[in-house]
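After this come two complexes, each holding subunit A, first together with subunit B and then together with subunit C.
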Partner chain A sequence: MVTAIPSAVPNDAFSASPSHSPYEASTQHKHWRYSRTALDEQRASLNSAAVHVIRNAFEIDDPGSSNAISFLSPADEYLLVKLYISKVGQLCAHFHMPEVVEATACSYIRRFYLRNTVMDWHPKNVMLTAIFLASKTTNHPIPLEQYASHIPNTTPSDVLDLEFLVAQSLGFEFVVWHAHRALWGIYLDTQTLPDISFHTIHDAYIASVAHVRASRLSDAELIYTPSQIALACFHIAAPVLAEQWAKAKGESDVISLLPAISDMILQEGKPPDLERVREIDKRLKICKNPEKVVGTKAYLKKQAEEEAKAKEKREKKAAEIRALEDARDPFGGELDPEGAAKIERAKQLDEDDD
Partner chain B sequence: MSVPWLKGPQKRAAPGRVITTPSTQAFLGGVKDATGKTTEYSPMIPTYVESCTSDRYLNPNLRLLVSSCYHKMCESCIDRLFTLGPQGCPMCGKILRKMAFTPQTFEDLVVEKEVAVRRRIAKEFSKRREDFSDLRSYNDYLEEVEDITFNLINDRDKVETEARIAKLRVENAALTELNIQREEREAAIVRAEEERVQREQLERAEEARLLEEDERMEREREKQGIIDILQSTDKSATKVIAKSRAAAQKRALRKAPTAAAQASTSAAANTAARMRSTVKDEPHVPFTDDWYTHQDKFVLRTQYGDPGTDALVRDLVGRDVLRAGGYDIREAWDRAIRTSVVGLAVQPIPNTSPESAMLSAV
Partner chain C sequence: MDAVERANQERAKKWTKEAKIGEGTYAVVYRGREAATGAPVAIKKIKVGQFKDGLDMSAVREVQYLRELSHPNVIKLLDVYSSKANLNLVLEFLDSDLEAVIKDRSNVFLPADIKSWMAMTLRGLEFCHRNWILHRDLKPNNLLIGANGELKLADFGLARDCADPGSKLTSQVITRWYRPPELLFGARFYSSAVDIWSVGCIFAELMLRTPYLPGESDMDQLKTIFRALGTPSEEDWPGHTSLPNYVTLDHFPKSPLKLLFTAASADALDLLGKLLIYEPLRRISAKDALHHPYFFALPYPTHPSKLPKTTVPMAPRELQEEANGLGDRTVTKPGRSLKRKASDGGGPERVARSAARRLEF
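Let's turn to the complex of A and B:
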């Protein structure tokens, strides 16, 4: 019927190359990918900037006090975050949430602390908010009242207060690709390989699942792709089978990456030592940012500052509208629709960006 | 005093039939429809009558009539209260006569009242845009009319509103007369059109019937003819029948074009009219893109060993308890396998400085 289909997009704009794949178009690949050193640098710089700010905040409260406080190091922060990531699993199991919620929440917490510091926001609250947010974004939502009532010492507002902050720190990029789904894919696809018994595959899969869970406690998701992590977990459980599958897919290059990933998972995939974490938590209570603690001088000062800014903005806007109205002909009526429209627009515009 | 609506079951109208009791004809404000298409609103829902506290549950044939002050009362109440002459309405006290009750047309009495008011106003004030020199004065007139209508509907400033009506009537006396005539003419045209259409339909039905009759007669005659021939001649029966059938076919072919032609001309006229109003259909441009789907990396099977989803696939729990309509496990498998092959070739970002084991060692 139709001989030539006119294309809406010229065919040479994209080519069907592997880089034009859905994963590489995802925000996970575009924005949340680091090298190991880049990760360390990011955390270090975040930490030092935070220490600087908090030191000043302490100075406002009580000059000279900040020298006595030992702030957390990036390693301390990392350990604390890791502990709370390891607790996500228990909490999700309590609510019978599917694994995708757990994995997404872990990713959210990890990414959140690439943009914020533990001294500003305690990971316990961030964890609760991240799980709630993850349940919503993965389409397994749970009502807030039910959620808060099942967690001791938690009110709904504790969960909601941080929700926007977490979402903003994630850049509103809520979709996360996970290794456990890739592992399931490997499990299914290895069944198409010739001469492999289902029993072998199944045993390997069960063992790999534990490794994938462990990988969530490491930084693997920020460095490698989910399929690579899944293959590495499978490789730990059944090296020969994993390599055979990779070759069958025509991706033998990936095999060289696997040892590094496996090392990372096996070394970092264990929950941290509780004693050390408890000690870090104690120190955190002292070096917490006073601006976030209700009632301190720094907090009140911050409030006052924000009030002043908001007031200034309001006055500026009122002055603007007044100027427009003065400039407009009072008897304009229908002859000055533009002026009327300008004033309407100025009244409705709400410039929230500072 | 005649009590038409209480004359017993044979007078009771079935729900949906038009009521033409004297009261409907007398009461000018109600919805009186000459074409006979408006029916009475009589819901078979539980209805409570305030004036006598009876309801439809006790008396299924309860019929509520509406007074001129727009209050509803059942027939027995009306009979009880107004047989001996004009009385005050039990709800608002306005003096009513027994004749002043109409059956309800609309579910909402507010609507009923509004319709009555608007009918009255429309009859009196029906000027059009052509009767005015400019748009402004036309709009002013419309606003005045609407103001009056609003006041009447909501019983505001009764005296003042009546004065305004009188004033307007005087102003527009001449034009109103013209407009009434114009409207009547238009209504007549519409009626004529309707009648014509109806007549045409009847004619066509009649024609079709006649045609069928003719055909039947024709067949009867044929059969009779064959029988006669068979009786009188010695020719073989099959040959006779074949000859007569051939003759019948020839006759049918001759008739068919004319009948078909008739039908096709009318059909063609209809489609031509429709075609003129339809929009051109442009060739569809499909959305094209060039995503690499990794389809070459795997072949999806219809069956996998997957104990985790076994209960789901075989729906062991019960009929579609776990699955929604349209659910296909192969889509989940496809997504999983695709996730496992996508991104395998992505190289991690290389380290910029010598690898520090600062955080990795914890």
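Let's turn to the complex of A and C:
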């Protein structure tokens, strides 16, 4: 298998565990790899679960009302998400954020919608939060006020409200291995091959960078490794050079894998048709989850449920402390240090999660 | 309820908190258990709601690096869940730390004991460096020790990756006594060698039973270092005079380490000398240090279970004024130009000193 960052990782770094590259120990390799079928199934099941929930919520608001609604299909959802992924670059450039922020934010959005549906959370807001979070996780943080003030109709709390949800949906797995880093490694590596002019290599690299950017609009990163994607992009730009590199690395086998990846990048790697997305967004305005829309009956019902639950918890805790106090020696702490300590412990316990 | 929130609650139910063992303005630490097995854990609750920029950078760092690292000598992050607006990190429970063991005067350290702690520290660190992660806050207090004697690197709140050689980093890291001279001179491009210097200081402290280079201020720290190891010449450390905060200091002569470390073996002194080489590029790497003859000579390292422990219970960790709550930020400024920066992280890093306090755990 091709390692993730070819030149950045010297071979002897593997000596301690020859069978595993650092990439293979990453959360990306362990938790964010799918087959095409598994990916499609995941999106389909998320979508049907969401439709089921929202249908019920509509029925609560107004019985019979859900029949007339045209819910989004998994393909609709994906197109909408893809549109917003395609906008990340523009926004990051506005803030002069380096490419790693852009690439990380794109991965966050893509991963977020493997756990959530656009009918609950609109990708526009998720995109803004994903970029903000990515700027922190890649060590290029920007003050929130400044960030929000440069985006029309956006307040700091719009960005912050979703931060926790996004972090949670990512499983707090913030590190993303990127194809553009792997490509940089290939670029450096090829410069050590004999008899190739630097110009040839550099031109190939520049052309490949465009393909890597396009690959972010495809599902490639959920199916292939960053180094495989990078090599596929390099192969589109300069097939002979790419094969020479693979041979020099003793990785010629990987070449047979490349056409499938290249096809995916060339076919999927462009922004979706705006008219189609506009139509989807129009339907989304009607079929979004009413539990998330402030003021609807479904929203109020959910709020009331949550408040009741929290109240019950608080009362339970107060009752526990009272019971302990009653059980305690009435002549006070010094004579009954054990009882006092018990009460102290109960009071200290974290009210967030009893 | 959303699937994500449901999954979070499922995770939260797996852990119970028992008693508070430390508190700071940014986090509270509880002793807790895994509900199913009763196994002890530490739960670090980070208060998130109070930060105007959302999830705090040191929390983000701690979570992101510990999520990726899995090694016997690095503290394990068992789980992460949220409760209300708080982030809970479930960590392996370790009852002591190297600082407490060093300070416990009833302990006698054999050379083999020191070798064992050094081997475990360097193994954990070599693993971090192999994964392109700098720890940037190594000190005895952050080397936790489990009931079985195993030592683990902890507190990754200042850690960051170093895979990109062009990126500018902040020099305001590492607790002063363990901070290498290049950082004291304000170097903004540095490497894994910064952690190695800290390991050198820890090695010396294990032999002396007292901090080796306890400077009282950043300036005094440099003087303390030079008094102990001699003021570096241009030959010892080419180019150091052009570092941003370079200052000329008194000239102290070099004296052999043997004079202070009278009981140390020749191998031990050789390794110590290589960990404390002034020029960062020549300072020994974690991997080479593990292959140093010191570790292959007699006496062999003590088995972790037989190492000296301390009966003194681990005190709640004191709160430290954090030198750089914001760490190395590249504050990106918005502008009209759509031009992208040439490379990742090429921007200026603003070293922001914040008053944020951090709980050491």
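The rule is short, and it goes like this: the second predicted complex is superposed on the first by the 327 of 354 C-alpha atoms of A that agree within 3 Å, B and C clash if a C-alpha of one lies under 4 Å from a C-alpha of the other, contacts with A are read in each partner's own complex, and residues count from 1 in each chain.
Operating definition for what follows: a residue touches a chain if its C-beta (ideal position, glycine included) is under 8 Å from a C-beta of that chain, and two chains touch if they have at least 3 such contacts.
None of these values were measured; they are calculated from a predicted model.
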Once subunit A from each complex is brought into register, does subunit C clash with subunit B or fit beside it?
clash
Answer with first, second, both or neither: which of subunit B and subunit C does A:Pro22 touch in the superposed model?
both
Once chain A of both complexes is superposed, is A:Lys249 in touch with subunit B (first), subunit C (second), both, or neither?
first
Determine, under the contact definition given at the top, whether A:Arg181 touches first (subunit B), second (subunit C), both, or neither.
both
Considering only the touch criterion stated at the top, classify A:Pro259 as touching first (subunit B), second (subunit C), both, or neither.
neither
Subunit B: which of 277-285, 295-303, 313-321 or 349-357 bumps into subunit C?
277-285
Quick check on my understanding: which residues of subunit A belong to both its subunit B contact set and its subunit C contact set?
5, 8, 16, 22, 25, 181
Residues of subunit A defined as touching subunit C within the complex
5, 8, 13, 16, 22, 25-27, 46, 49, 90, 93-100, 115-116, 120, 132-133, 135-146, 150, 156, 159-160, 163-165, 167-169, 171-175, 181, 345, 348-350, 352-353
Taking the complex as given, what residues does subunit A use to touch subunit B?
2, 5-9, 11, 14-25, 29, 33-40, 43, 74-75, 78-79, 82, 177-178, 181-189, 191-192, 198, 201-202, 219, 223-228, 230-231, 246, 249-251, 253-254, 257, 264, 267-268, 272
In the complex, go through subunit B and note every residue touching subunit A.
283-294, 297-299, 301, 304-308, 333, 335-346, 348-356, 358-362
For a test of understanding, state which residues of subunit C touch subunit A in their complex under the given definition.
2-5, 8, 12, 17-20, 28, 30, 45, 48, 52-55, 57, 60, 63-65, 67-68, 70, 80, 82-86, 88, 126, 130-132, 160-161, 163, 167, 326-335, 337-341, 343-347
